[in-house]
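What follows is a pair of complexes built around chain A, which joins chain B in one and chain C in the other.
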Partner chain A sequence: MGYALNFNLIWRHFDKLWGGLLLSLELAVISIAIGIVIGLVLAVWYVSAGRVVRAVIAAYVEFIRNVPLILLVYLVFYGLPTVVDIAYSAQTSFIATLSLYSGAYLVEVFRSGLEAVPRGQIDAGKAIGLTPWQRLIHVRLPTMLRITLPALSNTFLSLFKDTSVASVISVPELTYGAQWINFNTFRIVEVYLVVTAMYLLTGYVLLFALRLVERRFRAAR
Partner chain B sequence: MLGQILYALPFLAEGFALTLWVSLLVVVLSLIAGVLMGVGLVYGPVPLRWAVRIFSDTIRGIPILVLIFFVYYGLPAVGVHLQSFWAAVLALTLFKTAQVVEYLRGAVASIPKGQSEAAMAIGLTFRQRLAYVIFPQAFRRFLPPWINGVTDAVKGSALVSLLGITDLMQAINQVIGRTYEAMPLYIFGALVYFAVNYALSLASRRLERRFSFIRE
Partner chain C sequence: MSANANAALLDVRDVSKAFGAVEVLRAVSLEVKRGEVVSVIGPSGSGKTTLLRCVNFLESYDSGSIRIDGREVGYREAATRQRRSERDLAAMRAETGMVFQSFNLFPHLTAAGNIMLGLRKVRGKSDAEARQIAEHWLGRVGLAHKADSLPAELSGGQQQRVGIARAVAMEPKILLLDEITSALDPELVGEVLEVVRRLAEDGMTMLMVTHEMAFARDASSRIVFMADGSVSAAGPPAEILGAEIENERLRNFLARFRASHF
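Coming up: the complex of A and B.
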């Protein structure tokens, strides 16, 4: 083999990785926040809409889910500005892409969550004289959120990993930092070992925290 | 605009063929490796179980892109020289194998314990139990998520374009580099990927319905 591990150069450039990790988290958090709004609006619309609207929402969901993320990233960053008169930074473009991407997955999550709200709860809401809007805000959405919380945290964890694709348009997140160190110091094995550990550790910390939140808000049996 | 796409069509078709070839290799290799490791995870001795568990959790815990770079740049550094094509296939296969392991574990776990005990009671050996009792039943549980997961292999294969392999994604980028027709070509590419993956997810849904007669 003849490859001696030497982590010194990694530690010297660790700010690239640490800053990258924070940016990855930031991208994931902003994207899922926008994605949740997209998902909620479209899911609520979907369950009460007619056939045409349903078909349009379903088309959006199926399109996003069946196309590679990297292609969507290219399409929004390199493609869209050639036909529409907009200019944005790579980071903004990536957030837009990942929001649309997570939105598509979350529509599905929320839609099945809304359908899983027990009929009796909605009837009870009617019985105490709540308007349809009040039933949505005070009965259906809170129960739906409790039901979908585990799926929501799984989506967030996979979004956190998906932020690595931002490196292809030079957004300096964690994977980009890894490549920078890879190309500039050639401590290849070391940098990817460290980055693997960083992704794993962050993922498990997030998982643990989200499971705690889930336990706190678990749907009442 | 359409003319540009038509002119580039043979080149794009070659890229598409490579995308399918990579996906096929990854799907077949990961199926073999994943089933073997999955059996090891469920029935193996404790050290083997731990090894498979750590393998699967590590691979599923990191972005596939990191895995691809790790394999592509890391292997030559430790003296293993693979063509970039095979490095890409290896990385994607590792990723997919971890998924297959989990599908298999879930499918086997869904078979009631009584089945295995009954098979033992009539004197079947371990291999016979797997072949005649567990696998035929677990198969129905395994198939729908597995086919659905094939779309992940097709989508993941687009990342090999970053290693300079001319798959569909890379072919599209190259044609754009020549024609500057970014939007039509990206949309064309998205539609091609969509067609393949949507067909696969329809097949998965149909199989799921076909196998939904299983009683709990």
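Coming up: the complex of A and C.
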């Protein structure tokens, strides 16, 4: 075993990793933003809808939750364009997939959050004469967001890691950058050591930042 | 709106309600005239809180009629029992104020913010106007210095005083008080009752469910005793809480009450 670690080649191509990391973050941020919209709309719809709508939303959630992400990525990128006449880049396709994916998880998060809003607060909103829509905007959603903030940051963190799946359709995010360096330099151990450290470090920074936000809002309860 | 000045502001007629097989209200009737303070007393489970929640339609009822200032509350007409639209209900509820046993302040809004929400969204006041009204009422309940505190930073008594200010700032025709001191530590009860006493002096019409017998005796124009979902006795405090009581249930209730409160 005479393998000597040599990071020189990694540093020479570090721009691939740095650019990849930024793209990973970008993919995660855009996807969670769209996912939050999907999750909010469907959760609000779910709690006020009849049986049919509930069944449809539940089916979407169950489908997404029980199919591996990598399969969803293939389905949307390779499968959909062969059936429907649409064309999109790998990156757009991945953002769409990850948005639908996070949306499904967030429907559940927001739905249980809405149901956890204390009855008394809703009564108080009714008693001062707020309409159902006003109660939603000014009473239920603010409390629901406070309740769901920890789950929301956990979802974001795992979404950040899930962006590595985009490498299978050649989106040049962090894991793809690692594979590129790998193919061109064969420094397998070094590349994955560096990339692991990058995921880890970024994850910790994000976690720390999100916990700060959570603490701020918890103090404001 | 009202046909004559002597007509009751709140007119509850034969209201009945059942939760499944349990009849919580059995043909309850009562009236509150403008400027009157009416207290509802009775053992727990007698339907007092449910009755109060029917008055601003937080609960629907199965039959009977509830009118405020001549207008049917939850239904377009009592006879057809066609429920009002949500928008209509919201407008009706804005005419009644309610103070809750567990305060129910909005936790994400400051004391002033809690009062301002209804003023801005329901009464259409500007931010500045709403703020001014909120500060006025916070001053009236002795909390001018707590305008920018969040509910979590306030004691129970302070929270409940904000709850009262939130309700009266809307200038309701009638104020509904639902056991508003029951969740408070004994030493905080006084400050809240004092606020209610002053509102009564100012002529606020109130219907309150309470376990504070001494307060009910001193502050009420009339007392209604409920048992098993119906009005068992009603009259002026001296009559209901007096020395000679013919109504056996009321006598037992008061005896039990005195025994547990010395």
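The rule is simple: the second predicted complex is superposed on the first by the 218 of 221 C-alpha atoms of A that agree within 3 Å, B and C clash if a C-alpha of one lies under 4 Å from a C-alpha of the other, contacts with A are read in each partner's own complex, and residues count from 1 in each chain.
In this section, a contact is a pair of C-beta atoms (placed from the backbone, for glycine too) under 8 Å apart; a residue touches a chain by one contact, two chains touch by 3 or more.
Keep in mind the model is a prediction, meaning the values are calculated, not measured.
When the two complexes are overlaid on their common chain A, residue A:Ile70 makes contact with chain B while staying clear of chain C. Once the two complexes are laid over each other on the shared chain, residue contacts for A:Val195 go to chain B alone; chain C is not touched.
Of the two partner chains placed by superposition, only chain B is touched by A:Lys161; chain C is not.
In the superposition on chain A, contact of A:Gly120 is made with chain C only, not with chain B.
If you count the residues of chain A touched by chain B and by chain C, you find the higher number for B.
When the shared chain is aligned, chain B comes close enough to touch A:Glu62, but chain C does not.
Judged by the touch definition given at the top, the superposed model places A:Pro142 against chain C, while chain B stays out of reach. In the superposition on chain A, A:Pro132 makes contact with chain C only, not with chain B.
Of all residues in chain C, only 56, 58, 86-87, 89-98, 100, 102-108, 117-118, 121-122, 150, 152, 166-167, 170 touch chain A in the complex they form. Considering their complex, residues 58, 61-66, 69-70, 73-74, 77-79, 151, 154-159, 161-162, 169, 172-173, 176, 180, 182-183, 186-187, 189-190, 193-194, 197-198, 201 of chain B touch chain A. Listed in rising order, the residues of chain A touching chain C in the complex are 118, 120-121, 123-132, 134, 138-139, 142-143, 146, 220-221. Within the complex formed with chain B, the chain A residues making contact are 1-3, 62-63, 65-72, 74-75, 78-80, 82-83, 161-165, 167-168, 175, 178-179, 182, 186, 188-189, 192, 195-196, 199-200, 203-204.
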